[in-house]
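The structures considered in this document are given below.
Look at the two complexes coming up: subunit A is in both, with subunit B in one and subunit C in the other.
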Partner chain A sequence: MSARNVEGGTPVRTAPRREITPGAALPLLGFLLLAALFPFLPLGSRAEFLLQIAFFTLVAGIMALSWDILARSGQVSLAHAAFYGLGAYGYALLLKAGLPWLLAMPVAALLAGGVSLILGAVTMRLSGMYFAIATLAFTEVVRTIIQNLPESVAGGATGLLVPALLGGNSRAQYFLAWGLLAFTVLVSLAVRLTRLHFAFAAIRQGEETARVLGVSIVRFKLLAFFISSSLAALAGVLYAGKTFFINPLETFSLANSIAPLTTSIFGGLYTTLGPVLGAGVLRVAEELLHNSVKNGYLVVYGLVLMLSILWLPRGLMGLRRGRKHGGDL
Partner chain B sequence: MTATATKGALSPTPPGAEVLRAEGLSKRFGGLKAVQDVSFTHHQGEILAVIGPNGAGKTTLLNLLSGVYSPSAGRLHLMGRDVTDQPMEARCHAGLGRAFQIVRPFPEMTVHENVTVGALFGKPGQRLPEARERAWALLERTGLAAHADKAAHELTLLQDKRLEVARALATNPSVLLLDEVMAGLRPGEAQEAVALVRGVRESGVSVLFIEHIMPVVRDLADRVVVMDQGQVLAQGTYREVTADPRVVSAYLGTEEGLQA
Partner chain C sequence: MDLFVQTLVNGLLQSGLYALVASGLALAVGVVGIVNFAHGEYLMIGAFLAWAGSAFLGVDPLLSLPVIAVAVFAIGALTYRVSIRHVLLAPELNQMLLTFGLGILLQNLALMLLGGNTRTVTTPYQASSMQLGDLSVGGPKALAFGLAALLLGALYVVLYRTTLGRQMRAVAQNRRGAQLIGINVDRVYLIAFGVSCALAAVAGVLVSVLLFASPTVGLVFALKAFAIIVMAGLGNLTGVLWASVLLGVSEALVQTYVPGGGGWSDAVFFLMIFGTLVLRSYRGAR
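So, the complex of A and B:
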C-alpha cells in the first residue's frame, strides 16, 4: 500500500471504488428475467407442481428481502410471521367485507405496516437479544388474538377459507408473485440508493453515534418497520390467495420468522441480490432434498445451512472475488 | 511558564454572542454526585477548555452537554434555546457537534461515507448529492481526502481522530465538543491535532474541549474551567487559573503537577 503522507499535499480525489455503478444491478436484473421466463419453459406434466414451487420461491424471496430491509436498520426481528399472518388474515377479512381483491391487497399491507409501528415504538429502546425476544412475543400475541376472535369473524383455531387468487390460474398467480417480488426489489434498491441507506446503516453500526450526528432514530427505525412489514404482508396475501385456506398455527408459525432470517444470512445480509438469491437456492435445495432424502430432508437441510453459514460469513454474496463489503446491491 | 509565547492566554477574546450556557447542571448516579451545580458560559468563537483531575466529572459534564445523560438539576441553553429536555439528535440539529475520545467510526463504512452521515443528518432537510460534496470538502480540509475510500480501521489513530472531527464538523455545528482528542497521540501528532482545532475555530466554530495535557490547554484555550469533585473550582484564563492556589492544591498540591 503506497499511502504516503498526504497531509498538506495536493488533495487527490480518487474515484470512490465502492460507489455503486449501474452494472451492479445486472445480476439482479438477470435473476428477475430468468424468473419471468420460468413459466414459458417446457415444464411437461409436472407444470402445475413446478409452478407452485416457483411461486413459493418468489414468496420466500419477498419475505427474505423485506426482512433484510428491517435488519439494515439494526433491528433483527423475529416478528416477520406476524406481519405475514396479518397480511394473510387482513386480506381474507377484507375480501369477506366485500372489498375487491386488488384493493384488499394493498390495504392489508398498509394495515400490517400500521400495526408494525406499534411494535416498533414499543421495542424502540431494545437491542439485540431483548429486541428479538420482544418481537417473538409479539408474534404469539397476534396469533393468540386472531385465534380467539369469534369464529364467525376469523375462523378461530380451525381457520378461514380464502377465495383463490386470479381464479386459481397458476400462471397468472405466478406473474402476480413475480410482480410483487420485482416491486420489493425496487423498494429495496430505493432504500439502498437514497439517504435511507445512510440512516439505517449508521443506526445499525452505532446507534448513539448516529444520534450524535443528528440521525432521528425514532423516525428511521419506524420507517424501516413500516416498509418491511408492509412488504411481508404482501407475501402473506400471496400465501392466503394461493393456499385458499389459512389457520393461525401455520400462518403465524415460527418457521415463517426464521426462514427469512436464515435466507438473508445465507444469501448475504444488507444487500438486495443476496436474500433473493438465497431464497432461490434454498427453496430449490429444499425441494430436491425433499424428493431424494424423504423423511430426513430437514436434517440435511439444516446441516447445509449450518455449514454454509460457518464457511460463508457473508453469504453467497461473499463468494464474489475481491469484494469485501459495500458497493454491492 | 512563558505566557508571552501563548496567544490564547494573553489575549482573551472579546466575548461574542453566547453559544452555550450551563446553569447549575448537576448529575447524580445513586449517591454519587458526579457533577454538582456547574455553571459557565461559552461565547462565539471561543476555545474553552475543561480541565481537572481524574474523576472530576469532566466526561460526565460532556455527556450532559451532548445529551447522553439528562441532568438531575439545572438547565442548558444552546444558541439561546433551552435544550435541557432535547434528545441528542435535536441538540445536533440545534448546533452541537461532538467528537468522542475513543474514536467511534461506523465500521462497515468508508471514511467518506462516515462523514456523509454527518453532512446528511446534521441539519434537517439535507440532500444526498450535496451531502456527498460537503463530505469531500471536509475530507480535503482535514487532510483525509486521499483516504476517502478506506475503511476506518485502515487509518492511523491520528487519522481516526481527524475523521471524528471531520464527521462532527460535517453536521455544521456552532459548538464542537472534543473529548480528549490528544489522548494516545505522539507529541508530533498532538501538534497536528492542535493545528486542526485552531483551524476549526478559525472557521467560526466555537470549541469546548476536555484535556489532560496542560501544554495543549495553554496553547489552545482562551478560557479554562477547572473542575474538581464534580464542581467548578475556578474559571478564567490559563494564567489566572494556574495561579489560583485552590487549583494548584487540587493538582497534587504542587505547582509541578500543573506543568507535567
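So, the complex of A and C:
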C-alpha cells in the first residue's frame, strides 16, 4: 500500500501552518466547565436519571478521545472494547483481591496498558483492514477466554458483581468521571502540543517516510497503544463501578468498539475537542431517540458513520469554516 | 477412525458454504477494491428473505433462491450507486468505515424490525440424511455443498470464459489501464459488487435452511470469510477454495476432539485469524 492511501487519496495539501493560539482552547474549556456545572442545575425530579446519562456521556467522551489518540498514530483499532472490558474486569478482580479502590483503578489501567503493548507489538506490521480485523479478533479472543475461565475466577458467562464506586453517591461518581475526562483531555493536549504530535502524524501519513525521517515507529506506535488503552480501561472502571454488574457479552460487546470510532469521526478525527463534542451530541441524541427507537439505537451510529464519511469527512470540526488544518486543537 | 473420517466429511461439507461467502467477498475486495465489512449483512438479508418466503408465502427456500439472488443483486447494485461509488478514490480508512457503518446500520435495522430471535425455516428434507457405507451425511448439508460447488463453478466460467469476466479481471489488475482500453469501469464495479452481494445472499438462503435466520448471523460468516481471503491472499480465487476447506475441516476437528469444544472453538477460530494475519505480515505478503 502506498503511503498516500493511509492519509488521503489526494496528496496532502500544504496549508499554511497556523500557530495554535491559547484561544483555540476556549471551546474545550467551556465544554468542561459546562460539564462541571451540570449537577448544580435545577434538574427537578428526574435529576438522578439525568445525572446518570451525563455520567455515561463523560465515559463516552473518555472512550472516544482515547480511541482518537491511538488513531492519530494511524492505528484504527476495533479492540477498544477489549481494553474497556479489561479495565472493568481488572478493577473488579483487584477489588476482590482486597485492594482499595483508589489503588485498584490505576493498577487496572496499567494492566490493560500492559496487555495493549502485547497486542501492539504483534500487530505492528499490519495496516488498514488487516489491522482492524486483527484487533476485532483479539477482542473476541479476550472475551472468550474470560467467559470460559472457571466461574470462581471471573464469573464466567454470568458475570461479576462489583461494589459501587464511592458508596453509590451519584454526584461524587459524576465528578470522578469528570476528573478522568479532564485528565484524558490533558493527555490528549499533551500529545497534540509536544513532539509526539509530529511523530504520530508522520507515522500515520507514511510509515516509510517517517522511518526515513528518524522516527522510531515501534516506540511511538506502542506508546500510542499504551496511552490509549490505559485511558479506555479507566472508562471501563467507571462503567463497572457505576453499573455494579459486568458480564463478558456486554462489556466486550462490539458496540463498545464502534461507539468511540463513530464518535471521533463524527466529532472530528485527530482533534481533542472533536471526540468530546461528538460524545456530547451523539449521547444526547441517543437518549432522545431511545424512547422512539427501542433496541436499535446502534442504527443511528451506523447512519451517522455513513453520513459523516460521505458528507462530513472532517466531522463537526470541519464545519467551522476559515480554520485550516494546523490551528485546531 | 470412523469418527475421524466423519469429522473430515462434515468439515468438507461445511467448507462449501464458507467458499461461497468468501468468494463473494474476494470479488468485492479483488475487483472493486473495497473491503466490504457489510458482507455478512447481505447474507443475513438472504436468510431473512428465505425465511419470509417460506413462512408467509409457503415457498421452499430452494425455489425462492434465484429470486432472492436477483433481489439482493439489485440491493447490492443500489448500495454501490448511493454509497460505495463515492468513496472509491477516498482513503482506505474512509472506505472501511463506510462499509462498517453500513453493516451496523443493516444489522441493527433488522434487529429493530424483526427482534433478536432466531427464525427457523422448516423444510420436508431438513431431517433427511444419506448413508454412504458407515458415513451418514445430512441431506441439506450435502445439497448446500452441491449448490455451492455449482455456483462457484459458474463463477469461474464467467470470470475466465466470458467478456464480462475478462473485463472484471482487467479492472482488478489495473483500473486505469482498463479504463484506457475502453472498459466501462463503473459498470464492471456495479456488476461485481452486485454479484458479490448475491453470492452472500445465496449462502444466506442455505444458512437459513441449515441453521436459522437472525440479525447477527452474518457477522460470524463475514469474519470467517475475511479469515479465508486473508489466508488465500488478496484476489486469489483458487486459494479461497483451499482456505475454505482448511477452515472447515480444522473447525470440525476442534469441535469433535477438543473437550468443551463449543465454547473454545470460537477462540480457536479467532486465534487462527489473528495468527494468519500476523504470520502473513511477517512473511512480508503485503
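Criterion: the second predicted complex is superposed on the first by the 294 of 329 C-alpha atoms of A that agree within 3 Å, B and C clash if a C-alpha of one lies under 4 Å from a C-alpha of the other, contacts with A are read in each partner's own complex, and residues count from 1 in each chain.
Just so it is clear, a residue touches a chain if its C-beta (ideal position, glycine included) is under 8 Å from a C-beta of that chain, and two chains touch if they have at least 3 such contacts.
Here the structure is a predicted model, which means the values were calculated and not measured.
In the superposed pair of complexes, A:A202 makes contact with subunit B only, with no contact to subunit C. In the superposed model, A:L303 lies in contact with subunit C only, and not with subunit B. Set against each other, subunit B and subunit C touch different numbers of residues in subunit A, with C touching more.
Shared-chain residue A:T194: touches subunit B; no touch with subunit C.
In the superposition on chain A, A:F225 makes contact with neither subunit B nor subunit C. In the superposed pair of complexes, A:W67 makes contact with neither subunit B nor subunit C.
Once chain A of one complex is fitted onto chain A of the other, the partner contacts of A:F56 are absent, as it touches neither subunit B nor subunit C.
In the superposition on chain A, A:Y91 contacts neither subunit B nor subunit C. Of the two partner chains placed by superposition, only subunit C is touched by A:L136; subunit B is not. When the two complexes are superposed on chain A, the residues of subunit A that touch both subunit B and subunit C are 6-8. Touching subunit C in their complex are the following residues of subunit A: 1, 5-9, 76, 122-123, 125-130, 132-134, 136-138, 140-141, 144-145, 147-148, 254, 258, 261-262, 265, 293-299, 301-306, 309-310, 313. Per the touch definition, subunit B reaches subunit A in the complex via residues 66, 68, 87-89, 92-93, 98, 100, 104, 106-110, 112-113, 116-118, 120-123, 126-128, 131, 136, 139-140, 143, 145-149, 151, 167-168, 170-171, 192.
Residues 35, 83, 86-87, 89-94, 96-98, 100-109, 111-112, 116, 219, 223, 226, 230, 260, 263-264, 266-267, 270-271, 273-274, 277-278, 280-282, 286 of subunit C touch subunit A in their complex.
In the complex of the two chains, the subunit A residues touching subunit B come out as 3, 6-8, 11-14, 16-18, 194-195, 198-199, 201-202, 205-206, 208-217, 324-326.
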